Amino acid sequence: MNFERDEFLSRELHEECGVFAIYNNTDAASLSYFGLHALQHRGQEAAGIAASDCGKEINCYKGKGLLAEVFNNDIIKGLPGKNAIGHVRYSKADANQLENVQPIMVRSHTNSFAVAHNGQIVNAPELKNELEVSGSIFQGVSDSELLAHLIQVEKGDFTTKIMKACEKFEGAFAFVILTEDAVYAIRDKNGLRPLALARLSDGGYCVSSETCAFDIVGATYIRDIRPGEIVRIDEEGLHAFQYTSEIQYKMCAMEYIYFARPDSNIDGINVHTARRLSGRALARVEDKEADIVIGVPDSSISAAIGFSEESGLPYEIGLIKNRYVGRTFIQPTQKQRERGVRMKLSAVKSIVKGKRVFMIDDSIVRGTTSKRIVQLLKEAGATEVHVRIASAPLTNPCFYGVDTSTYDELISARLNHDELCKFIGADSLHFMKVESMGEAFGTKNLCTSCFDGKYCTSLFSYGEILESEKKR
Amino acid sequence: MNFERDEFLSRELHEECGVFAIYNNTDAASLSYFGLHALQHRGQEAAGIAASDCGKEINCYKGKGLLAEVFNNDIIKGLPGKNAIGHVRYSKADANQLENVQPIMVRSHTNSFAVAHNGQIVNAPELKNELEVSGSIFQGVSDSELLAHLIQVEKGDFTTKIMKACEKFEGAFAFVILTEDAVYAIRDKNGLRPLALARLSDGGYCVSSETCAFDIVGATYIRDIRPGEIVRIDEEGLHAFQYTSEIQYKMCAMEYIYFARPDSNIDGINVHTARRLSGRALARVEDKEADIVIGVPDSSISAAIGFSEESGLPYEIGLIKNRYVGRTFIQPTQKQRERGVRMKLSAVKSIVKGKRVFMIDDSIVRGTTSKRIVQLLKEAGATEVHVRIASAPLTNPCFYGVDTSTYDELISARLNHDELCKFIGADSLHFMKVESMGEAFGTKNLCTSCFDGKYCTSLFSYGEILESEKKR
Amino acid sequence: MNFERDEFLSRELHEECGVFAIYNNTDAASLSYFGLHALQHRGQEAAGIAASDCGKEINCYKGKGLLAEVFNNDIIKGLPGKNAIGHVRYSKADANQLENVQPIMVRSHTNSFAVAHNGQIVNAPELKNELEVSGSIFQGVSDSELLAHLIQVEKGDFTTKIMKACEKFEGAFAFVILTEDAVYAIRDKNGLRPLALARLSDGGYCVSSETCAFDIVGATYIRDIRPGEIVRIDEEGLHAFQYTSEIQYKMCAMEYIYFARPDSNIDGINVHTARRLSGRALARVEDKEADIVIGVPDSSISAAIGFSEESGLPYEIGLIKNRYVGRTFIQPTQKQRERGVRMKLSAVKSIVKGKRVFMIDDSIVRGTTSKRIVQLLKEAGATEVHVRIASAPLTNPCFYGVDTSTYDELISARLNHDELCKFIGADSLHFMKVESMGEAFGTKNLCTSCFDGKYCTSLFSYGEILESEKKR
Amino acid sequence: MNFERDEFLSRELHEECGVFAIYNNTDAASLSYFGLHALQHRGQEAAGIAASDCGKEINCYKGKGLLAEVFNNDIIKGLPGKNAIGHVRYSKADANQLENVQPIMVRSHTNSFAVAHNGQIVNAPELKNELEVSGSIFQGVSDSELLAHLIQVEKGDFTTKIMKACEKFEGAFAFVILTEDAVYAIRDKNGLRPLALARLSDGGYCVSSETCAFDIVGATYIRDIRPGEIVRIDEEGLHAFQYTSEIQYKMCAMEYIYFARPDSNIDGINVHTARRLSGRALARVEDKEADIVIGVPDSSISAAIGFSEESGLPYEIGLIKNRYVGRTFIQPTQKQRERGVRMKLSAVKSIVKGKRVFMIDDSIVRGTTSKRIVQLLKEAGATEVHVRIASAPLTNPCFYGVDTSTYDELISARLNHDELCKFIGADSLHFMKVESMGEAFGTKNLCTSCFDGKYCTSLFSYGEILESEKKR
C-alpha cells in the first residue's frame, strides 16, 4: 500500500465519461460540441462525436484530449447531419488505448451505427468470453464495443436487438446509440448512472448525462430516462420501451457527493441542494466547537455553506484554488510534491490565522490530499482543524463506473477512524454515517455500495477478486 | 460606441502583468516558474524568466502563451544561476509584439542586465522622444525598454543610474531588475502598483507583485516595497534607497476590487477581507428587499458573502462557472454569442427560480456581461434581479496600467444610472459611492481616478487626448 | 472529369502502407521505429507499433501523423517486449478514420494478437458481408480488421486459422501478425505486394515491406517471403507454410516504377537498377533528337540516368526540388496554384535555356503535374520539351492497393496520345509499350493490370463497378 | 578536440540567414513568404516578415521555427502594405535568443524602420562598445540591431545615415531595410555575401539573397547589388549609391561549394554549373583508378556529375537520402549514433558491391560525416573508397558569416593529409588545391580565407583570438 502516491494534481476519484445526443437539428454536431463542453468535468482525456443524416452515412471524429483540443470548426463542418451523439472520456491508466475512444462505430453493409456510454457492465468479461468463443473479436475493452457486438448477434429489428442485448447486462450504464435514422437512450435497470431527456426549442430532442448541458443548447428538460428504459427517438417522435420491469432506483451516491455539476438535477434532485443538505446534516450532529467553516474547493463548497447555515458559524473562503493548470515538471522530491499542492490550493492566512476551523470535504479516498490540506491550514495559523466529511468512509471498491477497484486504494479500508485522523493530522475527524446519507441528501434512492458493500447487482468475476483481496 | 462587442469569454478588465524575483537560491529559475504560476491571473499572453549567476552571464527565455506552454524542464535547466527575475504579461491588442515580451535584456560589454515591470509610465512618450533625438532606438513599446535606456544613458554606479532614471518617471510601476550580481525591486512614488518582499527559508530573498506567490516558494513575507523606494539585494543583504521623498500611498483600487487574488495582502490589507467589507458596506445602505444573495464568480464571491452577512439574507450559489475553457469557433451570430455566455456561466434553476435576487458584481465596464448574466438569472426563473456593484461607476480611463484608455469603453461614462439599469435589464441597480470606497475597503490609501477622474499624477500627452475625447 | 484538380504538392499516386516486424530483440519497439522510418515514404498519415513479450500482454500505440509526430522516447519505452510489428499508413480521403490506423489489436481472453498489412483484398466486401450476417461487427474498413475476424471464426491452432483465412482472400497483401509468442509474415498468392525477411545480427529476425529498412536495424537479408507463403517465427526459429500452391510471381510494376526506394531490392531485383534499365530501354527506341536529358526528381532520376547512358546525351540537373515542405495557404487562384508548383520544383535556367530537352518521368496520372513541369521548362528557355515516360499509359484502375480506383482519375483513359501530348504542352510524348515493360525492367514477373487491364485475380464487386464506368 | 561529436543529422556548415524584400506589390507579405520559402535552406530556426504601407505604420511578425511553422494565412493578412522585407535565420548555439530573430524593428516617433541581414560584421564588438559608452543598449547580438543603432545616431537624411553607418562596417553583409516609404538593399564592399535585384511582372521590385527566389514570385533578374552599393527603391524607382569606392569582388567560395541552391546564379555564375566544373577539375588531376563515381547527396551531386563527365567513369546513385526527418530520440550510444547516419543516408548495395568508388563530397569539416559515409560504402561492399573533395582543406575559421569560428571545429587544421585519410577510413583522399579553386569554379572573384587564411578585411578583436588559439 502506497499512501504517499501523489494524486493531488488531479481529482482523486474518476468516473468514466459523459454522453450526449441530439435528434433533429441541422447543427447537430455543433450542438453536441457545446453540450459535451458542459459535461467536460466528467472526462478530459478523449472526446468524440458521430453524426448522421437520415438515410445517409454516419461520420465520426474522435481523439485524445479536451474537446477544444480534439475539435475545430472544420472538423465540426465535416460532421453533417441532423442527428448526433457525443462522448467525453476519462480513461483508466490501464485502458488508455485508442480503441476505447468513443463513440464506437460499427460500419456494416446493412445497419451502420455508433455507440457511446457511461458506466461499467459487471458481467462484461463473461459476455465477452461467450462472444469470442463464437468468433467475435474485441479491439478494445469498452462496454460500448460489447453492446455493439451483442446488437449485431441478436435477431430482430434494431430496437429488439438492443432490448435483448440490454437484458443480458448487469451493472451500471447509460448508453446513447446513433443509427442512420434514430437516436436511442438507455439506462440500466438499477438507475445507477444518470441520463436525462430534453426538448430542443425548435422541435428536436436532446439527451445528456447531466441536465447542466441542456441550457447551453437551448433545450428544456422533459424527464430522466427511467431505469430499464430504452427511449427511441425517430421521425415519429419519442418511443419508450422497458427492456425489463425488475427495476429499482439506485442512483450512485457519488454523483451527488462529488461527480455531477452543482447546477445539474439528477432524478429530480438538484446536486447543489443535496450537497447543502448534507452539510446541514453534518452540522446537526456536531459536538465540537470551532470558529469558522471552510470548504475544500470546488466540490465541497455547497456542503460547507450548508454546515455554516445549520451551525450558525461563519462560512469563510479560507482556501483559494488556482484556476490555471500548472505542471510540476521537476523531479518529484518530497518538497516538490508539496509544491504541487500549493500550485493548486492556497490558504488565506488572514482568514485562518488563530482560528479553530471546521474543514468540510466531500470524501477521503487515499487520504494524502486531506493530509496536505490540513497541513496548509495549520501552516497558515489555524489552531485546530476539524475535518468533516459530507459522506461515509469509502471502504469498498466500486464496480459501477468509478475507478476505485481495489481495497488498497481506499485508506478507510485499511485504517480505523483514529489511525486515519492521525494520518491526516486533523484535530478531529467525523464522517457521515452511511445510514444517514439517504436522509441527508434528501433521497433514499441511492447506491451506497462503496460505503457499505451492499452491491445492488451480482458481481460475477469481480466478486471473486474481492474475496481474494479481503483474505490478504 | 459598440456596446455589443462580445468580450464575455475573457475577463473584461486587464492589467498589464505580474513580476517576480528570486535572490540567492540554487533553484532560482525553477522557483521563479512556481512564483509566476501563482501570478498567472495577472497575465496569460506571454511569460519570461532571466537568470544570472554572480559574475557570470545572464540567460533569458521568454515566449508567448501561458507559463506551462512557454516553459518545460529542459528550458528551466538552461537557466542556471542563483538569481532570477520573471514576468507574466497581458498584452493590449495593439502591442502584441514579440519585442515587448519581458524581461527586456540588455547585453552589454560592461553591465548586462534584465528588466521587467508591471504598470504604465505616463510620460513615457516624452521621455522616449528625448532619447530618440539623442540616438536611442526603441524596438518595442514596453516601459521596461524605456527604463533600460535611461539606466544606460545616466552616469554613476548602477544604483545611482536607476535612481536618476526613476526620478524622471511619472506614473504607476513596479520594476524588478536583474544584474550579474544583484536584484532590484522598485515601486513608483504614489505606490500605485503592488510589490512585496519576502525571505526564503534558506536565506535568500523573493520579490513578487502579490504575496500569494510567496507560499509556494516557501518564502515569508517581510514587508511591501515602499512608494518611491528602490531595494537592492546583493551579497551583503538588503539595501533600501528612496529615489524621492515626495511619496503618497495611492494603491490602485481595482487591485482590491478585481485584479488581485483573494489570498494576497496588499499594503497590509487582505484582498478577500477588503472585498467582504465592501459587500457589507453595500448591504448597510440597501433599501430594497430580496430573498437571496448571489455573487458573480469568481471575483465577486467575497463581496457577496459580506453582503449576505450584513443583510442576513442567505448567500446562495446561483451561478456556476465552467472550469474548462471553451471555444466558440462557430461564426458569431447573436444566438452563438449568447452561447458563449452559457459556456462559461450557468444559473442554478432550483436556487434561483421564484426568487428575488441580489446579484453582486465587482464592477461594470462595457455592460454587456452584466446584461447577459441578468438575462441568465431571469430565464432561470428569478422574479427580480437587483444588481449591486461593490465599487463606484467606472467613468474615467486609466493611465496607470489598466487597459481602459478611452471613454468609449466605459458604459458609465456614456449612460446615466437609469439608462444603464435599463440597458442591463435589472430591476434595480446600485453602485457604491466613490467617497465611500475608502471606508468600505478598510483603507484610505486608494487611487480612485477611474471613478472620480482625480488622477494622482500629471497626465502629459494623455491629458490632451482626454480633453479632446470629452469634447466629442 | 476535373483535370485541373491540384494534386501537385503531394505525390500523385499513393499506395497504402508499409509493414515491419522484429522477432527476439530487447529493443523491439525501438528497432521497429527505425525500420518504419526507412519505410516512411510508403505512408505519412498514420503510424503504429505493437509490442509483445513472450507470454505477457501486447501493448499497442498508434496515431495520425508522421512517425516522428506520433512517437517519442517515453512512448517507445511504454512498449516493452522482444517482439513487435509496426505500420505506416497512407489513408484514402474516404477512409481517414481513427479505426483504420494499424496495427489492429484483438484483445481476447484466449489469444490476443495484432495485425497490420499493406495491400487490398478484392473480395473483402463479400467476406465482410458473410461475417456480418453471422454477427461480426466492423469498426473500420481495413483489411487487417477483416483478417482478424477470419482468424477468430476459424477453427484450429493459430497458424491453421491464419491459413484458412488466407485461403479465402483474393487480392494483394502483405500481412504481419504479432501474437503473444510469435510473429507471422504472409504474402498473397500472386506476390503482388513485397515482403522480405532478414536476420538480426544478434540472433533475432526482421520482416519488412522493403529491404531498405534492414540496414538501419543491422539486419541481413535472407530472402523474400514467397507468394502464398506464411512464415511463422517463434522460439524454435523459422517455420514456412504454403497456404496454397496455386501461386505466381506478379509483383506490382508500380513498386519498381514509382513506390519503392531505389536502394530496395524486390524479389531479387534492385529498384534503382530496374529504373535505370527502363530509361535505357526508352532511349533505345528513341527517334527524336535533343540536347540534354532531365529527370523529374526524385523518382525519375534513375530512369533519366539510364536514358542518358544509352543515348549518349548529357544527363543534366535541370529541375531542382525544394526539400522544405511549404504551404500554399492563400486562396487558390490560378496564379497561386502555379506558385504551388514553383514552391516544390524549379528549373535551372542556365542549364535549360536554348536547349532541346528529353524530360524523363516515371508515369502520368492526372496529367496536371506533367503539364506544369513542361511549362516550367519552357519558361526557363527550353526550346523543345520531349516528354518520355518510363512506363506505359495508365489506363485502368488498380484494385491491388494503389489508390486509382476510377477511370476518371486517369488521363490516359480519357485522352488519346495526341490529345494528351497537347494537354501537357509537350513537343512530343512517348510512353513505353506495356509489352516491353517486363524486358525493360529486367523481370517478367510483373502485374501490369493498370496498364493493360489484365487483372491477375477475379475482381468480384469491383468488376461490376468497372463495367458500369466503362459504359458511361 | 572532440571529433566524435555527432553532427550528422544536421548539415555540418551553417551560414547565418537569407534576406528578401518586395517593393510595390499589394501582396508584399505573401510574396515575401513565398520568396523566403525558396531561401529556407539558408536558415531553418527562425523567420520573420515586416510590411509597410507608404506613409502608414510598419507591422512585423516573427518567431522561431520553419516558415510554415511561424506563419499562417491570418498572420500574413495581418501584415498589410505594398512593401515588405523578410528573413530566415540560422542561429548559432550561443545566440538562440528571441531578441536576435529578425527583422529588427525600430519603432520611433519620427522614422520607424525594420532591418534584416545575412553575414557578419567583423568590427561589431568595437562599434557596439562605442555606442554603449554613449548610452545605447543592445538587447540581442545581431548585426541588424547594430546597423539600426548606427542609423539612429548618424545625422542627415535616412539614406545619408545608412551610408555613414555602412562606411564604418568591416566584414561581410547583405542588408535589407524597410522604411515607411522605401526599401534599401546593401552589400559589403568586398561583395562577400550575395544579394540580387529583380523586377516584378507588374511593376514593383524584389531583392533576394539568392536568385532562386525570383521565379516563384514571378520576378525577372536585373542584376546583383554591387559591392559597396546601396540601392534605394522608392516611388521614383531605383536609386543607386556607392558608400565607398574601395571595392573588390570576393564572393564567399562556400556559397558556390555548399550553401546556395544549384538553380541560383551568384554574380553571374550558376551554382550548379560551378559545382560541375569543380568536379571536372578534380577529375582532370586524378591519377587513381576506380569503377564508379558517387556523390554525397544533395550538395555534391553536381560535382560528382562533373567528375563523371570528365573521367568517363559512370555516375552512379550509390547513396540514397531519406527525405523524412527522423529523430534519434534514444540515448546516444555508439550504436545509436551510427543509426543516426543510416536514418539519413543509405548505400545501394547492388550498385556499390565489388566496386572501386570515387566518393565526391563538397568539403570536410569535422570529418565524422565523411568517416561514416566511407563506412557505409564499405559495409555495402565497396572494395575501395577514394574520397575526392571538390574544395581545398578547411584550415581557418570564418568570420564572415559561416559558423566555423575556432580551429577546433576544423579537422584539417588539426590533422595532416595522411592522418585525415586514415581517420575517415578512405583508401585515398584528395582535396582541390586552393590556388586551383578560382579556375575550377570559373571565377577568380572568390574569398578563400577559410582555406588559405588570407582574410580580405582586418579581423579586429577576432584576430587576437585567432592568434591565441594558434599558440595553443
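Structure notes:
As written, the chains take the letters A, B, C and D, and residue 1 is the first residue of each chain.
Simple rule for what comes next: a contact is a pair of C-beta atoms (placed from the backbone, for glycine too) under 8 Å apart; a residue touches a chain by one contact, two chains touch by 3 or more.
Nothing here was measured: the structure is a model prediction, and the numbers come from that model.
Of the chain pairs B-D, C-D or A-C, the one whose interface repeats that of A-B, sharing more than half of its contact pairs by residue number, is C-D.
One simple way to say how far apart two chains are is to compare their mean CA positions; for chain B and chain C this gives 59 Å. With centres taken as mean Cα positions, chain D sits 37 Å from chain C.
A straight line joining the Cα centres of chain A and chain C is 46 Å long. Under the contact definition stated at the top, not a single residue of chain A touches 2 or more other chains. Taken pairwise by the contact criterion, the protein chains form one closed cycle in which every chain touches exactly two others.
Of all residues in chain C, only 30, 34, 37-38, 40-41, 44, 66-68, 71-73, 76, 212, 215-216, 261-263, 265, 270, 272-273, 298, 301-302, 305, 309, 314-315, 317, 320, 322-327, 329-330, 339, 342-343, 346-351 touch chain D in the complex they form. Only residues 60-63, 97-99, 101, 104-110, 125, 128-129, 132, 134-141, 145, 148-149, 152-153 of chain D touch chain B when the two sit together in their complex.
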